[in-house]
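First chain written, first letter: the chains are A, B and C, and each begins at residue 1.
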Amino acid sequence: MTTPTTLPDPGGSESERPAGAADSAPPDLPTSAPPRWRVVTRAAGTVWVNRKARLGLVVLAFFALLALLAPVLAPYSPTAGGFERSAGPSSAHLFGTTAAGEDVLSQVIYGSRISLLVGVVAGVLSTLVAVVVGLSWGYVRGPVAEVVNFVVNLFLVIPGLPLMIVIAAYLQNSGLGMIIFVVVLTGWAWGARVLRSQTQSLRGRDFVTAAQFSGERSWRIVFREILPNMTSIIASSFFGAATAAILAESGLSFLGLGDTTQVSWGTMLFWAQNSNALLTGQWVLLLAPGLCIALLATSLSLVNFGVDGLSNPRLREGSGR
Amino acid sequence: MSPTRTSTRRGRLATATGLGLAATLVVSGCTGAQAPQGAEGAEGGGQGEGTMLFAGDAGSPTFTRNFNPYNSTNRKGAFHIYEPLTVLNTVDGESTPFLASSVEQVDAQTVVFTLREDATWTDGEPFTADDVTFTFDLLREHPALDLDGVWQRLESVEADGTQVTMRFAQPDVPATDIIGGTVIVPEHLWADVEDPVSFANEEPVGTGPFALGDFGPNQYTLVKNQEYWQADAVAADELVIPASNEQLDLVNNGYDWAYAFIEDVEGTWVSANEGNTYWFPPGGTISLLPNLTQAPFDDVDFRRGLSLALDREAVADAAASGYTDAAPQSGLILPGQQELLDEEVPDEGRVAQDADAALEAFAAAGYTQEGGQLVGPDGQQATIAITTANGYTDWLRGVQEVQRQLQALGIAVTIEQPQPAAYQQAVDNGDFQLAMGGFGGTGSFYRDMNQLLNSEFAEPVGTTAASNYQRFSDPEVDELLGRYQAAVDPAEQEELAGELQQVMYDQVPVIAMYYGGLWGLFSDAKFTGWPSEEDPYATPITYDSNVLLIDTNLERAGS
Amino acid sequence: MRYFLSRLGLFALTAWAAITLNFLLPRLMPGSPADAAIARLAQNGPVDPATRAAIEAQLGVPTGGLLAQYWDYLGNVLTLDFGVSYTFFPASVASLVGSALPFTLVLVGLVTVAAFVIGTLIGVLAAWRRGSALDALPTLSGSFLAAFPYFWTALLLLFFLGYTFQLFPTSGAYSPYTTPGLNGPFLADAVAHAVLPAVTILLTSLGGWILGMRNAMIGTLGDDYVTFAEANGLRSRTVALRYAARNAILPNLTGFGLALGGVVGGSLLVERVFAYPGVGYLLFNAVTNQDFPLMQALFLMITLSVLVANFVVDTLYGILDPRTRR
């Protein structure tokens, strides 16, 4: 699954080049403060201009629509059984049926809901934790920083997937909430570390020193002065975390640790595997959910290309070197 | 662990090991990719005339070398190497003598096994009564080896020539089969073993039809014991046992004997090779265990209502893809135990779905339908949590069907699926409302009922129970079980079995739903005479002494 | 010096905490090892009530208070004696780990190095030829492949290359007909068996290295010293490799250090799908069977290797970039 050790997350490893590179490529400097909405539209524009990001946004929008309109688009209820078992594609069931006699197409459509939900919620939550911990940690010094360093290191070294399995086993009543919790718990430390490095390098900047002299309180400096300068890195770590969450959900569900009564792409693969879809010729049942997971996760990393351009103008498309 | 599911319920094994991962696809090792298993290695990977490719043991993913027949973690090949005194066929409850040549039930408390004199250990030493007494002493000294609890039933074991006399602690006729089923190990080798509990017995020496051939982490072979006392009855020269037998391999590689649930067996296994057959006999009853210490499950009317509310055929169909049948409420496993059938139990114990009758029973328990909801005496909708084990997909499918059916009557049903160990703990401790569980399949109706209903096992909630998880307790039933245990006369046994069926039917201590299957896949290409519905001389099980019955019953195809 | 001493102190403290957590985690799981064993047996049919007692006696399931167990455990850690596995009773934990570790170290280790080298080179190329097809192709396909769920890639490869076209063995680390050792036939056989899992890991991890290197390199390519070097008329290839790439590789090296630390943990899902007898599969068995002794040993090994890698990377950073020492 997506532990940073085996699969460096694209956003992560990029921003992991902390002090050195950040100095040479200053993020949007806070010298002049344009109105907030203009920042937002300009940022959106920067992302949209990037062709890869545009492609990513389109794919993402497609899945979002699929999830929203699932009841309209799906021909049947995803859990309605009673059709012929393990049937091949036909006009009534474009993707065939499962071994329990459910419509595969409907399941694929409804499955997008869980993946998106897990991606967004787990992404937001783990980014939130990462931001709070990372920023405070980067700003404070002394024993507190050491303690945080200790805790974060601990979370980084404990093997991710086994930890997830253990927690999943512990929180028996495995629903979506459990999966989100597990993903957040095992996923926040990486982002916190990256954000800490950024904060550390920003801490020495003039505008922070100025704020300190003007007597602003620490939390205000951290969250009002430093935070806005890291918007793009935070956004990028959100997309990274969301991708990781989606892949983690599919992996846990595939292992049968999720709620197998729920229809998600991961549980579809679990059931496909369980009923030996390949042996009974149910190609689509195995291919479709996996491909959807891959496409959704790809779309998030593509959007990340555009977001990277926000913090580092050199990564913007079209800007020559 | 094992990709082949050694399970009475489908999908189970996957769990144990593996949560079903790759249960299907992951494949067997052992072969080069190019060639199906057999074709490799000199027609000798295993397809000589008398070589049987056998998916009867599974590595996780490789084999550890352990042929200690008393370890639950051993190589199942040990059961082709060691023999017990008698082997029980759990389909019909009949025993076949192996190391014993005859068995005499002297009285309800005494049995005499007369030992075979022509058996030898594969190292050439003769088999004697000393080996038998040594084995039973070994089990007494090391309770950790006594998996079947023979010393909870025995009082003494004495040998005189070729006769071994066993005295039971109390009148206990069913104990004969359990004690007879103990595999015997050689005294001259085991006497020197320092710690038999953690003894891996890497070089097994037995009396059985096969001896260990080559052993590797990916595969081992068993070769025919030419000196076997009934060598003529053994058709196979060699068993080739790969560590990994995924379903794709089973279908592609031409196995002769496998134990696995396989979806769409006709379209996959049967159509893969000419001569492929299968037999999925019932191996136990999958049921809902109501926690009898809790309201409303302590009310027999409520339990009867649940029982009447279920369409068992639909549950069986959902759970096992239609490969096993709905089970009768009597607790019998049919057709194997047909002759025990009690005439007074209506319709062979089958309970048909009957919504009106169910509502009537619920009403008697104080639950009435209001606005589509079944509302209890407290004015609240009846809500039930059903506990099943995560990864037991067949159970889950069944429970989901139950959920649909009960919801149709207005009962709110939630499904809890802890991991298997946590599920087991919840069930042991009585920490559940309704739990999925299996019972029966021991081959003895007495044992089936004793484990299920004897109040001796009904520990208080919060304490670990080893059986009778629903905590059923009825002095009359205990008394019935006691008489059954002591009954030597078959007619008396039959009558008591009938009374227990009525208890099951009337008191609904558990809600029997469908039979868990035993998944035997066979090929007639090289060997014939597999157990089948027409000739159920054994079950298809590959992980206990049952295999001896099959080893000695097969014939070469075309002979 | 003080900096490194404090690092070392922190390292020791983290190690202790990780060791303690490794002790607690398995015990947090509901259900005892005996429950797991009974559940496993119950799959084979009825379990006699007597069996439970025998199983508990057989496994020597931990007795005594948690604290007593903890002391024993600390002793075990110091002597590296983890006792006997429950799942594979009576095999010792040491022998199980010993037989699994080489396969994982070689397979996952080599592939991690290969993925890093190949990915970084492609990343350099992509950044250097930015905007061309040489950039677009690897970045797009890299991010697409990295988005594949591991197990799914593995399943597809397994089915197509293993079964349909029968190009490679489908499971295990070697076939039953070769004897493990330093002999030709075995090595050839082992390599053939490693191909599919190796390709799976390579495909899914390559993207991260490509993107990381590409982005870092694009950053450095615009730096003043690079512009300066170019203005001085140095050939662009020299500039790219000598100056830009050398500076850009630092962050990727961090990731590489951590990835190397992670090798010991194996690749659980991939090993599982290919039934590869490595540490990942062993860990999976341990976790699903409540095998405390095995789980403890494996968790310890994995956390310590990540911890050491982390420590080394941290220390290197302290040397290479003094600013982080503040």
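The rule is short, and it goes like this: a contact is a pair of C-beta atoms (placed from the backbone, for glycine too) under 8 Å apart; a residue touches a chain by one contact, two chains touch by 3 or more.
Just so you know, these numbers come straight off a predicted model, no measurement behind them.
Novice: If you average the CA coordinates per chain, which chain's centre is most distant from that of chain B?
Specialist: Following the centroid criterion, the farthest chain would be A.
Novice: Using the touch rule from the top, work out which pair, A-C or A-B, shares more C-beta pairs.
Specialist: A-C
Novice: Could you tell me the distance, in whole angstrom, between the mean C-alpha positions of chain B and chain C?
Specialist: Chain B and chain C have C-alpha centres separated by 39 Å.
Novice: State, to the nearest whole Å, the distance from the C-alpha centre of chain A to the C-alpha centre of chain C.
Specialist: 21
Novice: Could you state the distance in Å from the CA-based centre of chain A to that of chain B?
Specialist: 46
Novice: Residues of chain C that contact two or more other chains, please.
Specialist: In chain C, residues 29-30, 151, 155, 159, 269, 284, 288 touch at least two other chains, as defined above.
Novice: Can you list every residue of chain A that touches 2 or more other chains, as numbers and ranges?
Specialist: 169, 172, 254-255, 273, 278
Novice: Any chance you could list the residues of chain B touching two or more other chains?
Specialist: 15, 19, 21-22, 25, 248, 418-419, 421-422
Novice: Would you mind writing out the residues of chain A in touch with chain C in their complex?
Specialist: 1, 3-10, 12-14, 16-21, 24-25, 52, 146, 149-150, 153-154, 156-159, 161-163, 165-166, 169-170, 172, 197, 200-201, 243, 247, 250-251, 254-255, 266, 269, 273, 278, 286, 290, 293-298, 300-302, 305, 308, 312, 314-315, 317, 320-321
Novice: Can you list the residues on chain B that touch chain C in the complex?
Specialist: Within the complex, chain B contacts chain C at residues 1, 5-9, 12-13, 15-19, 21-22, 25-34, 40-41, 45, 60-62, 64, 66, 68, 71-73, 142-149, 152, 178, 197-200, 216-219, 242-244, 246, 248-249, 252, 283-284, 389, 418-425, 428, 438-442, 447-448, 451, 457, 464, 466-467, 541, 543-544.
Novice: Going by the contact rule set out above, which residues of chain B touch chain A in the complex?
Specialist: Against chain A, the touching part of chain B is residues 11, 14-15, 19-25, 247-248, 251, 262-264, 267-268, 318, 321, 390-391, 393, 396-397, 400, 415-419, 421-422.
Novice: Under the touch definition given earlier, write down the residues of chain A that touch chain B in their complex.
Specialist: For this pair, the touching residues of chain A are 81, 85-86, 99-100, 169, 172-174, 254-257, 259-261, 270-271, 273-280.
Novice: Residue numbers of chain C touching chain B in their complex, please.
Specialist: Of all residues in chain C, those touching chain B are 29-33, 35-46, 48-55, 57-58, 84, 87-91, 96, 99, 151, 155, 158-159, 162-163, 166-177, 192-193, 269, 272-277, 281, 284-285, 288-290.
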